[in-house]
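Shared chain: chain A. Partners: chain B in the first complex, chain C in the second.
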Partner chain A sequence: MNKILQILNLKTYFFASDEKTNKEIVLKAVDDVSLDVYEDEILGIVGESGSGKTVTAQSIMQLIPEPSGKIMSGEILYKGEDVLKKKGEDLRKIRGKEIAYIFQETYTSLNPVITVEEQICEVITTHLDKSYEEAAKISVELLVSMGIKDAAERIKDYPHQFSGGMRQRIALAMALAANPSLLIADEPTTMLDVTIQKQILDLLVSFKKNKVLTSVIFITHNLGLVAKYCDRVAVMYAGKIQEVSPVAELIKTPLHPYTKGLLYASAFIKDKDNKVYIIPGNTPSLKELPQGCKFCNRCTETIDKCFKDEPELIEIKPNHFVRCHLYNNE
Partner chain B sequence: MNKLFEIKDLSVKYSSTKKVFGSRQKYADAVEGVNFDFVKGEVLGIVGESGSGKSTVSRCLLSLIKHIDKSSIVSGSVTYNDGTKSLDLLKTKGKELKNVRKKIQGVFQDPDSSMNQRLTAGKIIEEPLLNLTDLNKQEREEKIKAVLQKCGLSEYDINKYPNEFSAGQKQRICIARALVVEPEILIADEPLSSLDISIQAQILNLFADLKEKYNLSIIFITHDLNIVKVFCDRIIVMQNGKIVEQGITSEVLANPKDEYTKTLFTSNITL
Partner chain C sequence: MMKQQSNINSLFHKRWLKFRLHKRGYYSLYIILICYFVSFLLPLLVNKDPLMVKFNGNYYFPVFKYYPATTFGMLSNGEANYRKLKQDIKEKDNDDFILMPFYPYGPNENLLDEINTMPPTPPTSKNWFGTDDRGRDVFARVLYGFNVSVSFGLLVTLFSFMLGTIAGALSGFYGGKTDIFFQRVVEVWSALPFLYVIIILSSFITPGFSLLTFILVLLNWVGITLYVRGEVLREKAKEYVFASYVSGSSKFKIITKHILPNSISPIVTFAPFAVVGNIALLVALDFLGFGLQPPTASWGQLIQQGMSYPTLDRWWLIVIPLVFQFVTLILIVFIGEGFRDAFDSKQYSRLK
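Now for the complex of A and B:
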């Protein structure tokens, strides 16, 4: 299968100053991430908050706020070209046209003071050679395909006149307006009700099936959604990828202790004392990560090596990578 | 069986537009004709999507409805039975209401907005003691330390401010504040939905643990059916302000009768 996007050794750091000593501290939000996205697949990225999944996605689109954050090194090859080298006009041709992005909060990603029509048309007239009238026609068709009733009239409304689920449909319509190949969906349904969530994700999958989209990167912390909608999944923890695998295999035989913990915790499995399984400890602060394996202080299966050396991401089975000493039998 | 709550024909209308001069006030039905009982010692789950009225019901039970929207119209009755006498919470006022508040406490969705960021954890937890009891300073301090420990925090956390805690710890403070007056009913309105998955499981364990320690009866409002499955004895499904189905959790989950319950269950994605 062809790779549509290749992330190679991406490092995105944030800089903050320590309150007490006033020294600069470096927060490695994304630390040496390499990840491929193939054509015709939905890749899930999962992890707790602060694990670096959103920063990875924002790095692809160069949305990292400078100077507090910076992409330090690495390459992101989209169809063979490095998007990180692109600036200005070249970058605009990628953003929205080739790679589109939908955000978690539609309140902040739609402009509240202009109508939905203007917002969708802006995408079309910017990227495609169309007049405003033609663009308006396409916008209505898009909204109809999103399942919005009376689209021709409602398109003149402002974002606040729509419900949360409707706004996410509008955001999806905007993202698809310029026919991008890759869609990055950053927790698109976290704020929505379960019934609406299912509608939106079914819609997303239908667009991929009908070849409107080639590939989707789906960021979430809900492993249930990953199991249902994704083809492959990458598990992130503390800025690093801990496990990458086809979904069915990951759910059946998770290898990394963190993946196991996430799976048990999100299924609310009870143990013999009638307690729900938990991952011990708290989500780590990037300021105080342990030496060695980043998960060692919360892990239940540690060996001596875990506290000294950081394990490498190695391929255990075909297409199943894991970063854990337990599987490194050298 | 000892009924703690008996809710009869509860209806709530919120004023939907602001009244300007002579214009007519318009109302939106948030809850329409809700009936249910709540028995001592059980965990009752209320599920439904946003806008289904589940939070409004919880506000009525906490006697907060008139504080949130003064012009709302509430009808029906919420009878609370504390073992000796019955009270209609919708009509209870003043000193009597204070006594009821000692027995019924709440935990809310967003710990950040439900506590004063300028008070220390100790002061936050002390507040219900100051308002509802007449313990002296030393007794209050002992109570606070004891409740902190039971909620998985340490007594050294007393002097810390909310911003020094993680999200899970903040929710623990809110739970400690609710439990410091030793209520018999805890009403938890989506207490897990703003937390990370691994933290959700921790707090859920805490609820189960505290239920034993304090002999609590819990009303647990959520939209996550996975939580209901493991934690609630009985379940109420709400849609558009009405109860569409209620019953023993395992029975409702295995054999949902109402059309809406079925949609809700099929939309709920599990592993």
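Now for the complex of A and C:
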């Protein structure tokens, strides 16, 4: 299968000043991440809050707010071209036309003062050689395919007249308006209730089957959704990828202790004392990461080596990578 | 089920409906707008030139065209005195006629021949509000002064807000060095001693209406900049702005179509109060003699004439322009109140 997107050694750092010492500290939000996205797949990226999922996705779109954050090094090859080198006009041709992005926040992701029609048409007229009237027709069709009733009339409404789920459908329609090949969905359903979640994701998948949209990067912290919708999954922790694997295999045989923890916690597996499993400790602050393996202070299966050296991401089985000393038998 | 009414629900429409509920502001807006539009028709209502004259079988339209006095068989040089002509025509009693405006005195017309005493003269049935110290009709002057003052207030506000909005938007949107640059300019600019600068400038250039507008815009634009900058800073971090970034919109479009329409609240709410400020400023400058040059009709000059006399004997020169100014300003303040309430979201977030 062809790679549509290749992330190579991406490092995105944020800079802050320490309150006590007043020295500048570097927060390695994304630290040496390499990840491939293949054509015709849905790649899930899972991890707790602050694990670097969103920053990875925003780096692809060059949405890192400077000067507080910066993409330090790395390449992001989209269809063989480095998108990080693109600026201005070239970048705008990629954004929306090739790679689209939808956000978690449904209440602020649409402009409150202009109609839904104008917002969708803006995307279409920016990228496709269409008049506003043609664009308006396409917008209505899009909204119909998104399952919005009376789309022809409702398209003249303003965002605040729609419910959260409807707005996410509109945001999705907007993202897909210019027929992008890759969609980055950054926790698109976290704000919605469970039944709407399913509807939106089913829509997304059906869209992937019917249209030019070939690949989706689906960012979430819900392993259940990953299991249902994704083909492959990457588990992130503290800015690093800890495990990458096809979904079925990851669910069946998780290797990394962190993945296991996530899986047990989300499957409500109970331990001897009849308590739901939880990963001990909190998500570490990027300011005070442990030496060695970043997960060592919360891990239940540590060996001496874990506290000294950072493990490498190695391929244990075909297409199954893990960053853990337990599987490194050299 | 009720049919969805489209476009009635735009945010601005909602704010307009809310503004209409604020009765005082709503009616004030109507009164001011009507008065202002009527004030452009003043040459047809309050003027020394008749709308139409039929003289010796020929028709003349002196409002639109200048005719020398000799056209109407008068001996004087220059312009005809049409009020006198009217009496002449009456005495002649043929089919000639003259159609004078509702109030037949012009704002810049010298009435020394008719009042027969030393000007200023107090109100009479002919000159309703009396005359000023050059024998000009005060009623005509305060009405024309209304047009001048409101036009001036609106223009200064419009242009200074335009400049300030552009500066604030650039400063907030680009941030970094652009922001630092604009903020320092604003700080230096706002430290200029406003009145002194105008006094100094007026001492070697005599500002006309457009030049004075220009000077005041240059000195005034910084006020709104900080508010717009703040709004833009807040709006640009919202997700719909990110959404338009990632859908490939240009920065120009993002600023003009997405950020600015959402940052309009301070601009609209401050505008009426800025108009009030600018009108008061014009009156003050005219009063001090640094404003518009005579013979432009202005409230400040009338007040100054009234005040220059040691006693308050010339009360009509003080009271009448002040009453006009007071009523105008308070109506605009009511409009401002209405706008402020309409744009205030607090009403919805009150907890009990």
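Assume the second predicted complex is superposed on the first by the 328 of 330 C-alpha atoms of A that agree within 3 Å, B and C clash if a C-alpha of one lies under 4 Å from a C-alpha of the other, contacts with A are read in each partner's own complex, and residues count from 1 in each chain.
In this text, contacts are C-beta pairs under 8 Å (C-beta built on N, C-alpha and C of every residue); 3 or more make two chains touch, one makes a residue touch a chain.
Given the structure is predicted, the values throughout are model-derived calculations rather than measurements.
For the composite obtained by superposing both complexes on chain A, the positions of chain B and chain C are free of clash and fit together.
Contacts of A:178 after superposition: chain C is touched, whereas chain B is not reached. With both structures placed on the common chain, the touch criterion links A:194 to chain B but leaves chain C unconnected. In the superposed model, A:283 makes contact with chain B only, not with chain C. Judged by the touch definition given at the top, the superposed model places A:262 against chain B, while chain C stays out of reach. By the touch criterion defined above, A:233 reaches neither chain B nor chain C.
Rounded to the nearest 10, the angle at the Cα centre of chain A between the centres of chain B and chain C is 80 degrees. Using the contact criterion defined above for the overlaid structures, shared-chain residue A:49 touches chain B, although it does not reach chain C. For the overlaid pair of complexes, the smallest distance between C-alpha atoms of chain B and those of chain C rounds to 7 Å. Every residue of chain A that touches chain C in the complex is listed here, in rising order: 61, 63, 67, 92-97, 99-103, 105, 108-115, 122-123, 126-127, 150, 153-154, 156-158, 160-161, 171, 174-175, 177-178. Partner chain A is touched in their complex by these residues of chain B: 49-50, 166, 168, 196-202, 204-205, 208, 223, 225-227, 229-230, 263-264, 266-271. On chain A, the positions that touch chain B within their shared complex are 48-49, 164, 193-198, 221-225, 227-228, 251, 261-263, 265-268, 270, 274-279, 282-283. Residues 4, 6-7, 9-12, 176, 238-240, 242-250, 253, 257-258, 261-262 of chain C are the ones that touch chain A when the two sit in their complex.
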